[in-house]
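See structure below.
Letters A, B, C and D mark the chains as written, and numbering starts fresh at 1 in each.
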Amino acid sequence: MALTTKTAGFPKRKCGVLGCTGSVGQRFSLLLAQHPHFELVAVGASDRSKGKTYREAVNWKQTTSMPLKIGELLVTECKPEHFKDCDIVFSGLDSSVAGDVETEFYLADIPVFSNAKNHRQAPGIPLVVPTVNLSHLDLIPAHRQPGKREKGFIVCNSNCAVIGIVIPLAAIQAKCGVVKQINVFTLQAISGAGYPGVPSSDIIDNVIPYISGEEEKMQPEARKILGGVDVRAKEFLERVDLEVAAKCIRVPVQDGHMAVVQMRFGDRKNVPSVEAVKSALSDYVSEAQILACPSAPEKAITLMAERDRPQPRLDRDADRGYSVSVGQVEKESGALFDMRFTALSHNTIIGAAGSSILNAEAAVIKGFV
Amino acid sequence: MALTTKTAGFPKRKCGVLGCTGSVGQRFSLLLAQHPHFELVAVGASDRSKGKTYREAVNWKQTTSMPLKIGELLVTECKPEHFKDCDIVFSGLDSSVAGDVETEFYLADIPVFSNAKNHRQAPGIPLVVPTVNLSHLDLIPAHRQPGKREKGFIVCNSNCAVIGIVIPLAAIQAKCGVVKQINVFTLQAISGAGYPGVPSSDIIDNVIPYISGEEEKMQPEARKILGGVDVRAKEFLERVDLEVAAKCIRVPVQDGHMAVVQMRFGDRKNVPSVEAVKSALSDYVSEAQILACPSAPEKAITLMAERDRPQPRLDRDADRGYSVSVGQVEKESGALFDMRFTALSHNTIIGAAGSSILNAEAAVIKGFV
Amino acid sequence: MALTTKTAGFPKRKCGVLGCTGSVGQRFSLLLAQHPHFELVAVGASDRSKGKTYREAVNWKQTTSMPLKIGELLVTECKPEHFKDCDIVFSGLDSSVAGDVETEFYLADIPVFSNAKNHRQAPGIPLVVPTVNLSHLDLIPAHRQPGKREKGFIVCNSNCAVIGIVIPLAAIQAKCGVVKQINVFTLQAISGAGYPGVPSSDIIDNVIPYISGEEEKMQPEARKILGGVDVRAKEFLERVDLEVAAKCIRVPVQDGHMAVVQMRFGDRKNVPSVEAVKSALSDYVSEAQILACPSAPEKAITLMAERDRPQPRLDRDADRGYSVSVGQVEKESGALFDMRFTALSHNTIIGAAGSSILNAEAAVIKGFV
Amino acid sequence: MALTTKTAGFPKRKCGVLGCTGSVGQRFSLLLAQHPHFELVAVGASDRSKGKTYREAVNWKQTTSMPLKIGELLVTECKPEHFKDCDIVFSGLDSSVAGDVETEFYLADIPVFSNAKNHRQAPGIPLVVPTVNLSHLDLIPAHRQPGKREKGFIVCNSNCAVIGIVIPLAAIQAKCGVVKQINVFTLQAISGAGYPGVPSSDIIDNVIPYISGEEEKMQPEARKILGGVDVRAKEFLERVDLEVAAKCIRVPVQDGHMAVVQMRFGDRKNVPSVEAVKSALSDYVSEAQILACPSAPEKAITLMAERDRPQPRLDRDADRGYSVSVGQVEKESGALFDMRFTALSHNTIIGAAGSSILNAEAAVIKGFV
C-alpha cells in the first residue's frame, strides 16, 4: 500500500475536484487525500454547498473516515477562477452539467480528467483506460489546438462497465489474435448509480434487468478504447470491426461490476488455447505499470484459478481496486463463441475515479501536465 | 385463488410426500394441504425423523404457517409399505438417495412424480414441464412395461432453471418457427440450493458466478422437453439440433430464477418480428390449461410491457407462482442472435413442486392415475 | 382468504384514495380493489399525475399485479369536488400536504381515514388501532361539531411502529394488570420510509440506528391509543402514567416491523406469570373481530412458540398482514423490567393502509358512515 | 497503517494458529501474515487437512488475497509436538474441541491466546479485552502454577458482542462514576456465526431475534472483564454488582456488531452530563496504547458526532478494525435509565482474532512471552 517509496521522483501537482460532494467526487477526494504526490487544494460543487467547508457540505459515505486535511477546504462553485492554482482538475460532475463546465475549464486552459460521459465520444478527446490505451494521450497536443491553449485539455475515463471488457481483451488481443465479436452480460453494483441512486425497496431480494443508457455505451466505448491513434492525422482509429452486444443487470452488491464475456475470434481456424489465453491475461503488463505510475497496480489483471471466482465482495479490492480480477476462462460449449471469461472490477476505483487519477499520473510522466 | 370452483368434477386422490422435511418437500406439503382434490396422507423422511409428527420433525420455513391438518401426520421412512394408501407419491428427495428410493416405489407399483434429477435422462421416463409437454405422459403405459406394473411409473419435472427457457420457447416455436441456438444467462435464487444451502456470508453483498452441475443440465433437458414422443416406438424424439449454451449465476434473491435468453432462429432469412414473438408468447395456451388442471395458471406466460420487468421480487408470484413472466422481447443488436427475452419463474413452484403437482393433475385427467 | 362469505350483509361503500401513487396509496388501492364491499371509484394525486389513468400515473411496486379495474381510473387532483361520490376517502398523502388537504375534505363533509401523522394528536380526532381502541370512534359525532357537519370527520391510524406495542399491551393489560413503563427497540422495514425512501447503498450490508422523528411518536401515540374516551366530556383520556422509551433502527427488510418490548408492571408485587401473559395474548379478541369487520383477522395476535420467532420474512403475512405475531414472552433477567416479548407486524397493512380500512369497516358497522 | 515504524524495538516471536481453516483461524492467519513482528510458522487443523498445504486446505474467504508465504505452510494436527517452535499459539478452534486441545498446549508449556469460550470463566485464566483490562495478565505467573510451568498459560479474549459494552463502559467509569445496570440490545453480523454459519435463506430480507447462548454470556463476561485483579490473592475481583440484561439479534450484515446500551449509574443523584460522558469516551487512552502495542489503535474509541452513526458498513474498519466507534450518546427519555449510547465494533478483529493478537503483543511487552 505504500505508494510513496517506489515513486520518489514523481513531481508534486496541485489538484481540484469538481462535483466534490457526489459519490464519485467523494472517491476522488479520498484518493487524492491519500495520494503521495497529488495535493487536493480546491473543491467545487453546486451553489447549495458554496461557502461551506467540505466537511459541512458533504454527506460522507466512504468506509474510510474523512481525512482531516480535506475537511477544512472551502467549497466553491465550479468556475475556473476558483481553480487557478490547480495543475489538474478531476471532474466527478453529473452528466447533466459536466459537458458545459468541463468545456469552460478547458477553454480556461486547465487540464480536466473527467468521469462524465459527455465528451467520451468527442473526436479529439482521448477516452483512456489507463491499463489499456495511455497512448491515446498523445493526441493531447493536437486537442489543445496549438496557439489556442498551452495546458488545457480534457481526458475522459470510460464507463465503469466497459472496464471489465477492454482490459482483458487488450491483454488477449496482444498475444492471441483479434477478437471480432463479444457478447457481454454484466451484473452491476448499486454504487454505479451514484447517490441516492437505486431505492432499497427496488433491489433488496431482487435484481433489475435494466440500466438506463448502459448497454448502448459498450460498443462505441470499446471500439474507441481498443482502437489506435494516428498522431499525424490527429485522430483515433476506432475498431469498427468489433461487435459488442451487451445485457446489463443491476444486482444488490455495494461495489464491483461483474462481466461475463463470450468471445469469437477473428481467425476461427486458429483459435488460441485456453492456456494461451490464460497466459496472455496473467502476463499482461500495461503501460501504466511500465511508466511506474504511482497508483498503478502490480498486476493490471489478477488471474484467478478457483472455479467460482471472481466474486464482487471478495475480489473488488484486489490491488487497492486498481486490478481487474479475471477467472473462469473456458472454452464455450456452443458453436457461436470460442471462449468465455468472467471479469470483476471495482467500479468506483479502476472503473471511475481511480482510472482518472492513473490517467493524470501518466499525463504528468509524459509531460502533458 | 379459489381453485375449487372451476374444477368441481376432479376426482379425489390420496398423496404422499417423500423427503417431506426438506425445502422442496415442505413446498409439496404446503401445496397439497391447500389443494382442493389431492389429500396429503403420508409423509416420509430419513431415519432421524421417523416416528415424529410432521410438526416435530420439520423446521418449517414457509411464509405461510403450517396447516394444522398436516402437522399431525406421522413421519415414516421412505419405504413403499408406508405409502400403500397413496394414489400418488411426490418426491422431494435429495439426489443422493432419490434414484434408488424412487425406483423402489416404481417397482412397488406406486406412481412417483419426482423433482430429483436422477431419472430425468432415463430413456423411458417422461421429463415433463406441465405447460409444455404433457404429451410425453403418453409414454407411461410403455414405461410401465405391460404385464409388470399396472399403476407404477416415474415422471420427472425439469431443473428449475430450464423452465424459463422451455416455456417461452415452446410458445415461440409454435407460432414463429424453429429456434436452433440459444445462449442463456441465469440469475438464480438461493432457494434453488435447498436448505441450509448457500451460506449467507457467501452471498450477501455478492453474487457467485458458479452453480455446480447446473450449466450442463440445460441442453439435455431442453432437448428432451422440447422434443416429441413416438408412441409406437415408445421413445422420446429429442431436439438434437438445438444448441443451448448457458452461464448460471447465484444472486441474493430468496425465490425466482431469471433467465436472459438470446435466440437464433433456424430460418434466419425469415426471422419473425418482435411483435409476432410477443403475440406468440401472449397468446400461448398450454395443454394444462386446456385440460383444466386445477392448479393450471390462467396464462402459462405473463407478457410484461415495462422495460425493466420481469423482476424476481415483483413477479415470482404471478398466478400463484405457476405462470412464467416474460419481458424485454427485443431484437438483438449483434449479428449472432436474432432476438432476446427475459423470463422469470418461481423456482420452487412452477420450477419444482408445483410443476410435479400440475403433472400429477394432468395424469389424473388423462387416466394414468 | 375469502372475505366475502362471512360478511354477506355488509353494505357497499364507494371509496376514494388520496395520494394514490405513493407506496401507502398503492397499498390502499390494492386492498380496496380486492375488497368485497368497498369499491374504489376515485383516485387523487399531485398535479403531475392529473388526467392520466391510474395505470399511466403510477409506478406500481406491489408484488400483486395491478387489478385491471383500477388501472383505468382517471387520476384527479386531491380536491373534494372530485370525490363527491365517495362515502369514504382514504388518505395516503405525505405529511407535507396531508394536514391541509384532509382538513379541506373534512370541511367539505367527507369522511377521511388517514395514514398521515398530521392530525394524530389533534384533541377531537380519534387515533385508532382497529384491534385495540375502536371505541374511540364514538367521539366522531362530537368531532363533527353538530350542526356544522353531518358526515365528515377525520380518523387517523397510528404510526406503523406503535402497532407492535399497543396491540400486545392491550391484550396483556386486559387480563394481567396495568403496565407502567416500557422500553422498546424496533427494527423497521424499509417500506416504512415510503418510495424511493432509503437509498440502497445506505442499507445493504448495513443497519441504520436512526429514523427521523420516529422515537418521539411512540409515547404520545401509545398514551392516546391505550387511553379511554369520555363521551360526555367529548375528550380522550390519555394514559399519562405510561412511560415509553424507544430506540428505532432501520434494517434491510422489505416489509415487517419488529419490536422488542420490555415491560414493568404497575403492581410489581403481583407480576403475572409468563403463562398468564401468554394466555392473555393468545385469547385476545378485539372489537374488530366481534363486530365481524370484513378484513378483521381471525386472531388479532398470533402467539408463536418457537424460540426464534417471530421473524419479518416468515411472519409478516400472518392472516393477510392483519395479525400481529408475538413470541419470546420471557421473564426479564434484569431487575428493572418484569417481562419482555417480541412483536412483528406488517407495517404497510396492519401498520398503515389495512389499519385504516379496518377502521372504516368498523365505522360503517357502527353507523358513522 | 504502517505498523512497523513506531514499534521498531519490538522483539520477533514465532507463532502458530490452531483451527487455521475456520473463519477466525483465517483472520488470525491473515493478521499474522501482515504483522511486523509476529511470524506465522505453524498451522493446525483437523485430521482432514493434515498434510496439505494451507493453500490447499483452506477455503479462503477473506477480502484480502492469501499472502503467498502462508499458503505454503504445511497443515498439521493440533498437537503440541507440531508447535514446539512457537513462542505463541493462537486458538481459533471451535468450542467443541477447544477446551481439551488448549489445555494440552498449556500442559505442554506453550502460551495460548484463545478466541474460544471454553476457558473464559475459569478461575485463574485471564479474560482480556486489550483496550480494557490488560492488568489481568498479571495473574499469568500464578496461573502457571510456579514449579509446574515456565512459559505456558491460557489467555482468553471475550465474546465478540461484549466488546461494544465493556470498552465504552471502561472509559465512562474511569471518569464519570460507576454504572450499575445496563440494558443492551445487539444487532450482530453473520460472520459472528462462523462458516457456513447462518443459511442465506434465513437472513436475506429478514432479521432473527435469537442467537443461541449469546445473551447469557454478557453479564458474566462483563463482570470479569470490568472487574479488578488481586495479585496477592491470585484471583479476579468480579463486578458482581453490575447487572447486564441483553437481547441479541442477528442481522444481514457481513461484519460489525452494533450494541445499543442503556446505562443507569450507581449514584443517580450525580449523574454525569452527556458532555462529560462524551469527553470520557473521546479522551480514553487504554493500556494497549500506552504500552505501544504494535497493533494498538490510535484511539481505542472513535467518538462520532453524526446523529445516524455508527453504522456497521461505514464504521467497522475504523483504525483497521481495532477501534470501537461510539455515537448517539444521549440522555434517556424514560426514568429507568440515565443515558444511552450506540457502539459498533468489528467482531472478527477487535471482537476476536485482533483482540488476541493485541493481548499477545501486550504479554510480550510485559515479559510474559
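FYI, a contact is a pair of C-beta atoms (placed from the backbone, for glycine too) under 8 Å apart; a residue touches a chain by one contact, two chains touch by 3 or more.
It should be emphasised that the depicted structure is a prediction, and the values quoted were computed from it without experimental measurement.
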item	value
Higher-contact pair (C-beta pairs counted), B-C versus A-C	A-C
Same or different contact residues where chain D meets its copy chain A, judged by the half mark	same
Approximate Å spacing (C-alpha centroids) for the pair chain A, chain C	49
For chain B paired with chain C, centre-to-centre distance based on mean C-alpha positions, whole Å	39
Interface hub residues of chain D, defined as touching at least two other chains	61, 204-205, 252-254, 313-314
Residue ranges of chain B in contact with chain C within the complex	1-2, 61-65, 204-205, 254, 302, 313-314, 317-318
Chain A partner contacts - residues on chain B that touch it in the complex	181, 183, 185, 187, 204-210, 215, 219, 243-247, 249, 251-254, 258, 260, 262, 264, 307-314, 328, 332-337, 340, 342
Contact footprint of chain B on chain D as seen in their complex	23, 61, 190-191, 195-205, 252-254
